[in-house]
Amino acid sequence: MITFATLSIILVASAVFAIAAKSPVHSVVGLLVNFMALAVLYLSLSAEFIAFIQILVYSGAILILFVFVIALLSSGIGPFNVGPDRLPKLLIPGTILSALALGLVIRMLANTSFTPEPRIGIALGPIGAANVFGSIGDFGRALFTLNLLPFEVTAFILLVAVIGVVLVTAGESHAMPPMKIHRKARKREAIVKEHH
Amino acid sequence: MIWPLVLVPFLVGLSIFAFPRRADALATGVGIFVALGTLVATVLLSSAPDETLPWITRPSFPFASSFHVGLGSGLSFWLVLLTALTSACALLTTTTQVPRRRDFVAWMVLLQGAMTGVFVARDLLMFALFWDLMLIPVFVILIGWSAGHRASAWRYLLYNGSAGLLLLIAVAAYGITTGSTDVLSVSVTYLKGNPLGPMEAWLFIGFALAFLVKTPVWPFHTWMPTTYADLPAPAVAVVSAVQSKAGLYGFLAVTTMVFPAATHVVAPVMIVLGTVGVVAGAFAALVQTDVKRIVAYSSLSHLGLILAAIFTFDPIALSGAVVYMIAHGLFSAALFLTLGSVEQRTETRLLRRMGGLGIRNPRLAGALVISALAALGLPGLCGFAGEILILTGLFRSGAVWPTMLALVATVAAAAYMLRLFQGIMHGPEAADLPQRSDLQWAEGLALVPLVLGMVWLGINPSVIARAVPASASLSMDAHTPAPYDTAAFPSVVPPATEALR
Amino acid sequence: MIVPPLYYIALSAVLFFIGIAGVLTRRNPLIMLMAIELMFNAANLALITFSRVWLNNVGHIFAFLVVTVAAAEAAIALAIVVVVFRQAPNVDVDQIAELKG
Amino acid sequence: MTTIPLTIPFGSQDFTALFPCFIVACGALLVLLLDLLFPASLRRGWSILIALATLGIAGVSALNGWGEPISVFANAFVTGSLTVAFEEIVVIGAALSMLLMYTAGRDDQAAGAIALLLWSASGAMLMAGASNLMVVFLGLELLSLGLYCLCGFVTRRVAREAALKYLLLSSTASAVMLYGMALLFGATGSVDFNALALPSASPVMFDLGVGLFLVGLAFKLSLVPFHEWTPDVYAGAPLPVTAFMSVVTKAGALAVLIRFVGALPPNISDQLVQPLWVVAGLSMIVGNVGALAQTDLKRLLAYSGIAQLGYIVAALAVRNDNGLYSAIFYLAAYTFMNLGAFAVAALLSRDEEEGTHLASFRGLSGRKPLLAGAMTFFLLGLAGIPPTAGFTGKVLILANTIGAGFVNLAVLLVIGTAISFYAYLKIVRLMYAPSFGQGVNVVVPRSRLPWIAIAVCAVAVLVLALHPIVPTGSFATLKSEVKDRVSVQSAY
Amino acid sequence: MNGYAAQALDVIWLLPLLGALIAWTFGPRLRAAAGGICSAVVGLAFAGTLAELVFVSRWTGMHWGFHQSLVTWVPGFTLGLQLDPLSLIWSLIITGVGFLIHVYSIGYLAGDRSIARFFAYMNFFVFAMLTLVLSDNFVGLLVGWGLVGLASYFLIGYYIDRPSAVAAARKAFVINVFGDVGMMFAIVVVFALFGSVSYTDVFAVAHDLPSPVLALICLGLFTACAAKSAQVPLHTWLPDAMEGPTPVSALIHAATMVTAGVYLIARCAPLWSSSPEAQELVGVVGAITALCGALLGIVQWDIKRILAYSTMSQIGYMIMAVGVGAYDAGVLHFFTHAFFKALLFLAAGLIIHELANEQDIRKMGGLRKRMPLAFWAITSGVLAICGIPLFSGFYSKDAVIYGMLLHGHPILFAIGVLTAGLTAFYMFRMWFIVFFGSDRTEHGEETHASSWTMRIPVALLIGPTVVAGYLGIAGSASPWSRFLAPVFDGARPFEVSTPLNETAVSSLVLIFVACGILAAYLRYGSARATSRDTLRLMREAEGIPLFFRRAFYVDDFIRVLIVRPAQIFGAFLSRFIDPRFIDGLVHDVAWFAGVLGFEVRAMQNGQVRGYAFTLAVGVVAFIAYFTSLGGVR
């Protein structure tokens, strides 16, 4: 219970930090903490394989990708600039709306009676043991037998990701020069015209 | 064999679009040929049996519909004839009056097909299909060939499109309630055994609004003056002659059959609306400045009278209504066609800028005056034949006030029709008129059959007077069925006699 | 399970709606994407909790698939963000509003 | 430590059932591979050809599944008439969009784009038969991920913007849907649709799960108030992608919706799906009203699509075969009418500029009468004016909704349609009004392929209107599919 | 023979139509020849009618003369023609006088550009008038009734480029249509009650009708009479109708068409005889018309308008007579009036023609020597109209006036006598001013000589003007009454004993006539009066009270009370109700939809966060709904 409480506090705090941080890099750090805490929470739920995946994929791959992009976008034009806020009034309603929805869901959860009847298919066991609920063996068997179809579909999803990214960015290499140069060129044209 | 009456115009109309761009004469010729062919074929097919093809079937669909066509009721036959005749005449006049003739002719032929479809449909859904189909040619002609502002096209669409949707929803509801929409050739007794219950009122309202708008009847008429004024003459001739009959045909042949109870319940309302239209149209026509609007408002007046007649369910009035429907078709077509010729010569539609055209165009003046006289109900011409039957029926069924008001409107009709005719043809010649020759052969040829029809119908309306759908004159009281019997015509017990004695 | 499962669900709900709030209030597309990742993770937490409760490992499979999809989506999303904002002076979704009406 | 043998419990029947879906996905690989072999100038043409061939094979092979529903892959996927119908719509939509591919991107991008399009299509086909929350999610993502990229693969700024907007909003909606799925899983202990009808461990959680799931579907179907992405994304995306999106996404989501709603416990499902009818009614009005003021064909069709999907969802309010059939019928009609209109726009497009601004339709009847006629025909169909499939479809929807007592939906449909007349016929006016004839350059299209699409669509719209006959063995079996779901796969 | 005669009836009836069609179709080529053809056609018809007279006189015992069916009009009901003594009399006048006037017109309109059109109209009129009188039913009657109105309209407006003619024509037609409508109403009632509109059927049961119904029918019919025969207050078109060429005035607006009302009442005698209220009404209106016509005739200066008012006044006599039941007298007065009024018009036409269309009598004077034929013709006509013994008018008018007394209407009798005096005054006023005194013409040199085609008809008409009345000598025993007996036998109302016998009445009338003539002589004819002519006449014109000059303000009343309100009502409907109210409502709805469209556009502001917000609102709404269900199972 204490573990759960501690993790909850960490999770909520890091999540709030992640979305409230000024700088995206701070957000990434917040998110990193969040994902780590989640992985611990998964362990407490006997999902050891998912916990590893969580750290590997999320913290290891996705967040690094974010850092990359942050670096890429801020390299040429300095730190992130923010333009004028077109919807300045959205901050408070947005927050209120989310809180309202959360309140509704919490109220629902508070009033509900949750009576699952666990199926006795596979036993719970300590983390790290083989062939217990949540172990790699258990997971792998399920993935490659009954859930073969979803697994195969993920192959195509990853293919789509690869080809899609190539397609989107391939267009870029042939694209117009960056806007600044473009603008300069236009200004020059205008000056030439004036001279005429 | 009835199918070609509908299909051929569609196929030909579409194929005309594929003609070479400058093939105006060819297109017109083909269009006229189709119309005349329809005319001849209709005469030959006058006693052809109904034909049915499945369309929507159960159980995959909630109700059954079929492509069911027939010329059975005499009214359909005459209206199809009228459609073909006016189309042919209108197309003849396009030779001088319309630019981009190939496309125009194509749309006109399509319009003819759609209107024919409305009149031969024996299935409610098919009826609704052709009903909505009539919208588009008129709309396109309004935007493509109208002289006026484009608002008229939208107004036309707004009124008629919405009303068509009401018809559609009512047909759909009818289908789901009864399981079939193929009912227009079923005997009325069968329908009496299958009441729609409380739904009948709502369904009838849907049908009735569509019919009232299309006719149009006061107060659903405000689309009409602008539409009639802006449509080119050949198109408006067909629209006013035939399309306006679709609504009346609907009341006469459709609602009486499908919703007999509701139709009888609303009769007083309809008579009142019709009568208001009679008066409003007549007086409004007195003060119009645009010649086509004069005729438009006069149509409102005449069509209102027919509506009132239909809802008396009196055999004489119904005969009159049928005669007057055809009569109105003839004279309004002739009026608009002549006004088209006039507009072409004067290059204006404003009455105050016209005058003296008859001095150089005596034949045009002759055509206009005969049409105008038929319209104002001059005894001996077709308008009178219908009018007196209608008034007799109205009076006989106790509608004394409508009769009186209709008579007042007739006086007004004389005033506005003469104002129209004299304003155009008489008086000093307008100084800045471009000098054009008298009626060209095509225009004249187009008017001849219409004028002959007006005279013939005025002398001999009995042929058409018989064409009352059986369901229309059906009395609601089961004990005194009054099926329309020609032999019994003069000896029908006059209900008014008792009232007066 | 010592901790009632609904607590986990409540926690996931909190994370989920923090994610939603992030999408609604932030203008930096990267942070919006992170907020969306947060929402996916909240759903994952719920899935894994339920999986544990029902002792049905299909929730794990589902969570695994979600992680995979999230990775693919992140890749695509970041590629799009890069091509959209590389030329833009501001990394701010508010400025990307050429399409409207 | 015992090793449990790893045997795959699926046979040829399971794989055959998914063959159409797989062949499309593999066709994409083929396109990518063969792209390396062709000279640059021919690449696009060959890619399109291969894609069409693949889709053709898929379309034909899918017909095998027609008949009784059979569940495969441990009830992750269901074949049968319903699935086949949606698969065919997806295949046709994809094939017709493929014919417009000449209008978008450079030749060297074509293969990639076509591959993505095929993968998206396969995602939608997966959704057509998905009967498992996971498969739904994966199908949805396979469909969407490809589309994010396709929206932004051309260099126009608006296309990129569309991609970004689509990405952000769609991901959010996916997350919401995913959360709903998690709740459903929690309430039922299973991801199988068949478990939905069982008594749930927490009814309230179940309800909320249904609600969030429906949000996700409503977003994909672009129903109000989840519609706002639609106009912007349609307007920004390249023309063939918009065309594809407007049909295929909807077909996939609709299939899921039908199956999901059918799987809900009958005694409470009315309450659970009620918001859907509200949303459908709102869509009819907002969609048509929004279309009134548009000046771009793609935006107009986006709003129109919002409304049309409103009609289709309204048709589902009737919980029987007739309602289902009318929805599918209307979807098919919408597919052809919509894609036909896009095909016309494709013929008006130039290299750098898509011919979707309404101004490019000015005086079209004078320049290209046949094209104008076809466009008029499609627009009439969308407006529900005969003789088009739109008319027949609308009659069926009206009859069904009225028959089921949803008179208010029928009335909203009629009001919406009346409003839409203006929106659609505005284009007809532009094409036929004489004074607008001048000032528009004649466009030489890059390819005449869209003509094929136009011809197919026109014929289909007419034939569906006049001969809407269902093949034998229609969806009469769906009811049993819905009811006999008491036996839940014990494997889960 | 009877069968042949009946078959010939439609030939007689259609001959003029044939002429009209020929003249209309080939008009431009025929030109002047059209006059010959059309006259010949009418002449033929006249000959045919005369031949029919022979048959009819042989079967005077038969009740209804000949009958011939034509077409089935509506199921169960056929239109037909019939020829009985009454219609025969009218047919003779129509074709006979019509023939003369046709011939006259050849000369009168010689050189006119569209003379063929004129003759087409004239022949068409003859056809229409024959339709009116030969029909055996009310519908045919109404057809003829309408068509004569049409012909009259065409002919009044013959000079289509003259605005006053066009206006006069329209006025005449509209008022006539008002009459048609009245008849239509009557027919509607008849048709609705009896299911038939043939005379035979209707008259057979006329006596059994309840009197309000009968009165209603008669009222409708009388509206038609009043409009067609220019009875007060529907008379205003007649003076204006003089815009037409003079032969038209002679034929239509004097001899035949305007007397159709007389025909109608005579024809419907069975109805009238059964309805005392209707008789009363008709008699009173006729008397008022006779008096008003005479009064207004006094103040006119246009020769044709004088004759027009005199026509109105004389028709008042006829209507009065047939109204109260003196059918023989009324019809006889029609008969004689047809001749002498046609003669007067034609002779006036001679003058007008010679003076190059001058119609103002103040600009005439002293024409006695210059135009002897016209002088003698008009003199005989004036004597006839004033009822001087030996001239036809004496017999017919006295019969009318005596008829008033005979049928118990002393007040009408008094009016009749008074009017006779006034008639003498205004006719002789015209006579003196035109033919005596100094020559005041302004166009002395530009006169057109009248051709023989004009002179011969005038000369020929002088004969019947004198002798036509002799048929009516000896009252009910006269050949005239015997001839008409089959028509009116069933409808002869009661007669009362009179204090005065016929001779005394004649003497009384003659005294009044003499006074009138004397007054006219003193004011216009004496040497003293003629010495200071033009100026005095002009001044006298100014002195006439406005009340008379504006013809009792009837036109103004009609304009203010009917025409203007109708126009205002129409404008209100079409310029306010339609666009503002009905269309406005629809327009507002459409406008609202458009505004909503722009609202939707405005909401679609391109901000992705905004879209997300909307989406979130939807999500929250869904959450709220689904959590509120409470998990009911």
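So that you can tell them apart, the chains are marked A, B, C, D and E in the order they are listed, and the count of residues begins at 1 in each.
Following the convention adopted for this analysis, a contact is a pair of C-beta atoms (placed from the backbone, for glycine too) under 8 Å apart; a residue touches a chain by one contact, two chains touch by 3 or more.
These numbers come from a predicted model, not from an experiment.
The minimum number of touch steps separating subunit A from subunit D is 1. Graph distance from subunit B to subunit C, where chains that touch are one step apart, equals 2. The most distant chain from subunit C, with centres taken as the mean of CA atoms, is E. The most distant chain from subunit A, with centres taken as the mean of CA atoms, is E.
Among the chains in view, B has its Cα centre nearest the centre of the complete protein Cα set. Among the inter-chain contacts, the highest number of C-beta pairs connects A-C.
With each centre defined as the average position of its C-alpha atoms, the distance from subunit B to subunit E rounds to 36 Å.
Centre-to-centre separation between subunit A and subunit C, using Cα means, comes to 5 Å. A separation of 68 Å divides the Cα centre of subunit A from that of subunit B. Centre-to-centre separation between subunit B and subunit D, using Cα means, comes to 44 Å. Along subunit E, residues 590, 601, 604-610, 612-613, 616-617, 619, 623, 627, 631 each make contact with two or more other chains.
For subunit B, residues that reach two or more other chains under the stated contact definition are 154, 158. Shared interface positions of subunit A, i.e. residues touching 2 or more other chains, are given as 86-87, 90, 94, 97-98, 101, 105, 108-109, 112, 114, 116, 119, 146-147, 150, 154, 157, 160-161, 164-165, 168, 171-172, 176. Chains touching one another form the pairs A-C, A-D, A-E, B-D, B-E, C-D, C-E, D-E.
Residues 154-155, 158-159, 219, 221-222, 225, 280, 282-288, 297, 316, 319, 356, 358-359, 362, 366, 373, 376, 378-380, 384-385, 387-389, 391-393, 395-396, 403-404, 407-408, 410-415, 418-419, 422, 425-429, 459-462, 465-466, 486-492, 494, 496-497, 500-501 of subunit B are the ones that touch subunit E when the two sit in their complex.
Note for the complex: subunit A touches subunit C at residues 1, 4, 8, 11-12, 15-16, 18-19, 21, 24, 27-28, 31, 34-35, 38, 41-42, 45-47, 49-50, 53-54, 57-58, 61-62, 65-66, 68-70, 72-74, 76-77, 80-87, 90-91, 94-95, 97-99, 101-102, 105-106, 109, 112, 114, 116, 118-122, 124, 133-134, 138-139, 142-143, 146-147, 150-151, 154, 157-158, 160-161, 164-165, 168-169, 171-172, 176, 178-179.
On subunit C, the positions that touch subunit A within their shared complex are 2-3, 5-11, 13-15, 17-22, 24-28, 30-31, 33-35, 37-38, 41, 44-45, 48-58, 60-61, 63-65, 67-76, 78-83, 85-92, 94-95, 97. Put simply, subunit D touches subunit C in their complex at residues 133-134, 137-138, 141, 145, 148-149, 152, 157-158, 160-165, 167-168, 171-172, 175-176, 178-179, 181-183, 185-186, 189-191, 205, 231-232, 235-236, 293-295, 299, 492.
Every residue of subunit B that touches subunit D in the complex is listed here, in rising order: 14, 17-18, 55-57, 59-63, 67, 99-100, 103, 125, 128-130, 132-133, 135-136, 139-140, 143-145, 150, 153-154, 157-158, 161-162, 165-166, 168-169, 171-173, 175-177.
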